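Down below is the structure, laid out as structure tokens.
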């Protein structure tokens, strides 16, 4: 009883945790398909692909992607090279220097990104001036500065990934190659590099992703070359549109795709290795009979499902036309708005009548009623209606309240509960 | 030292050895040490237009640091209460985010580290995938959820639980959720790595001796996982104190993050030395704080990053 | 046998900081020899091998290969090939690629390399296994691939660093004969590093016994076994009963040693120490268990020892008798199994005897650790 309760609570916790982790991404992806001008899941208006079209027409986004790719490529090359050199040095550095050296190359991970960006900017600006170069020199070029600034800490990540693999490397392999006549460069290229290839691939992917998503450092160094992340940040800070959701959806989809692809590949390598173990000599020389690609490979199956889903969606997108639906929603909104105006008029009319009636009554007894009490009376009458306590009208009122800040005109001010409370 | 260098070149060959050495020197000295020193030097200089740099007015001064404490010279207040408040608020909030993340992630890291089976691989993938997605987009996703007309408000108001939309952004809830969200992976992985190497028999033995589950964690698992926990906490603290994107997107209009002040000094006020001084203050304070915490909890620097 | 390329070490010193790994080594290795360095782990034998193959610069002295000084010549330029203790087969290359790596470096075409690999695979009795990965082979097979890879480089000198230590006993014994056969077939110089005296004795033409960076003795196996130059060589190679004492009398090549509890015992001074032992010197005397026999009752003299039998053991080809003398010192006796019925002496006091020429006296010195 106690154990099963514990087990249940673990699963509930896991569910909540992953909901926190993945929920935002799912919601964001879904909003890319809602025709509402503000990225939202509810109320659902119309299925649309217009935000994707809008995304691909945004020159700043496209330019940002281009810059990000250039900077990413530069950062991958520089940080993997430095990370590998740093890792090789770590395995053979003088023991007394080792701790200091390790602290230095690990420090960039802990230094805040803004600090790295600033120090890069300040330092290279100074070098630039010392060399007497102008503001348009390579050293003050945004791409150069960003690659340098990002590589400072991304190389540390690469170094950690590479050193983990390097620790399993038997230095005798390099010695064996040298002993058999290879030069140091040949031994590096033919023995160490192939051994390190999986780790180098991981480090390169990591470096690219880290570069692609970096904001804190890049925001100080990008100069004339804003990356995608910088452009996104500008957009998000000054108003958000579902076009960003569309971009996010594409990135999520690509990520899931490559994750599945990688998983399927790993699984396949396992299966191939297992098959080789069982294979006879003749089979090895010729062709090893391999299990079919999908046998026992869950990730591969998922990959295919994913691909089919993508094709379906793209197919739908080309054939689908949400214009009618959008028009309907617009029409509906217009009707709601009209209805709302009429209700408002009606209410005002009633209130006016009520007030007149009151004033008529009170006027008989106390002709000079002070204005403030009128105001408060107005508010008290008004509030319950707008908050939807008022019978069948409330169903219409609630969504309208939500729409208000997104720009449905003057109603926002009137129906904003805050303003009512403020007036109270 | 020459002996070490000679052995180094013997082992790697002249060409390869030189390449490795140059790359490492470029990285450590050219990218890490010199820029930091340069920034430190810069923070002690007045803000001058380019022609005057190196001129007679370019002398060392403490004015950039004084500004943080006392505010502008001849200002109305004795202390720069705005900037100082932002500074301490940033540090305290970063500590809160770290603690929140630790509490959230420890059970997950423990579960992943001690369970066997295929589903662990899937969980690991689900953990990593969000981190392959842009930091800005992650913050954006949270803004969709926490916005005034966002998912949460729509749901709660729609269900009638709340009367009025709750302003998550103005109340900084969105910011804390976003910062916590951003660094979950950095907390989980170091702890997971350590707990994975903990022999399950130790836990079984403790359970066998009749220890309740919380005591097992307190006496067996947590002491063992201490290097991982401190590593994770250090990274989350440093990164959330130095975060810029999440505060810019998820922060309320009135509540600034210290990095935003630095950003303003650089981009809006164009006062680089002032920004550098602020950056130095942030860096040094964070490092001192981490070192103090490490001493308090008796952890070694060498465990970080493992 | 062709007179292959020999190796000479001249006044070789190798230091790591303050630690002296090799102290003034002088060795002459003839071309075409199977030469072993024998010693306990940490004695510096692997260091010597690394100096010969070029991975280490000697601190002082010279390494000559074929009479040519190797100073400043890297491992990839030396006519040596090394077989590593852990073999160091390239894990990501197939067996045939491993074997012909030295040809790949020279830019030989894949077709030719494949042909050569198949020849070598036939030679090491692994025909058709070229497409496997090293991890798919058994320990003994990997061993042979490592040898083929080294031989493919056509070295003048093959260096082997305890290559059999990872194998199980049966395979190790089989590989000994195989290695010796290969060496005789290719006729090049083999330098073999081992801590296993059985390996050294069975395979080598000559052996250098090493202790803590110092070469104690260089000789063929029989000489080292029968005529050790130092206490260490005597105690490290094969089993030996050791008696400590002072020299009481020297007469020509024989000596009388006062051992105290075991009485005065006669011994032959080992060849390397002729004329070096004088009256009053501390000395050690070694008698092999198989050189001792049970004396007939009533015998006594300077080649007899009275002992009490502790227990006995039957090992198949020999009977082992474990005894102790009056001082409690253990003495082991091995008697060949001649098929006669064996008389149990446990608990009895008996007299052991030996021939003086089978007891070797050397100056007192460090013994090999048990």
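Should a chain be cited, it is by its letter among A, B and C, assigned in written order, with residues numbered from 1 in that chain.
As a convention for this text, a contact is a pair of C-beta atoms (placed from the backbone, for glycine too) under 8 Å apart; a residue touches a chain by one contact, two chains touch by 3 or more.
It should be emphasised that the depicted structure is a prediction, and the values quoted were computed from it without experimental measurement.
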- Name the chain pair with more contacting C-beta pairs, choosing from A-B and A-C. A-B
- Taking each chain's centre as the average of its Cα atoms, which chain lies closest to the overall Cα centroid? B
- Query: If you average the Cα atoms of chain B and of chain C to get two centres, how far apart are those centres in Å?
  - Reply: 60
- Chain centres from averaged Cα atoms put chain A and chain B apart, in whole Å, by 18
- What whole-number Å value describes the gap between the mean CA coordinates of chain A and chain C? 67
- Name the residues of chain A that each touch 2 or more other chains. 183
- Query: Which parts of chain B, given as residue numbers and ranges, touch two or more other chains?
  - Reply: 13
- Can you list the chain C residues in contact with two or more other chains? 74
- Query: Given the complex with chain C, which residues does chain A contribute to the contact?
  - Reply: 170, 172-173, 175-183, 186, 190-191, 194-195, 276-277, 281-282, 284-285
- Can you list the chain A residues touching chain B in their complex? 6, 10, 13-14, 17-18, 20-25, 27-28, 31, 38-43, 81-82, 85-86, 88-89, 92, 94, 99, 101-116, 118-124, 126, 129, 148, 151-152, 155-156, 160, 183-185, 188, 209, 212-216, 219-220, 228-229, 232-233, 236-237, 240, 244-245, 247-248, 251-252, 255-256, 259, 263, 298, 387, 398, 402-403, 405-406, 417-418
- Query: Which part of chain B faces chain A closely enough to touch in the complex?
  - Reply: 1, 4, 8, 11-17, 19-21, 23-24, 26-28, 31-36, 38-39, 42, 50, 53, 104, 107-108, 111, 118, 121, 123, 125-145, 148-151, 153-155, 157-158, 163-165, 181, 184, 213, 234-235, 238-239, 241-245, 248-249, 259, 262-263, 266, 272, 275-276, 279, 282-283, 286-287, 290, 301-302, 304-305
- Message: Could you list, by residue number, the parts of chain C that touch chain A in their complex?
- Response: 53-55, 74-77, 80-82, 84-86, 88, 90-92, 101-102, 104-106, 128-133, 136, 149-150, 153
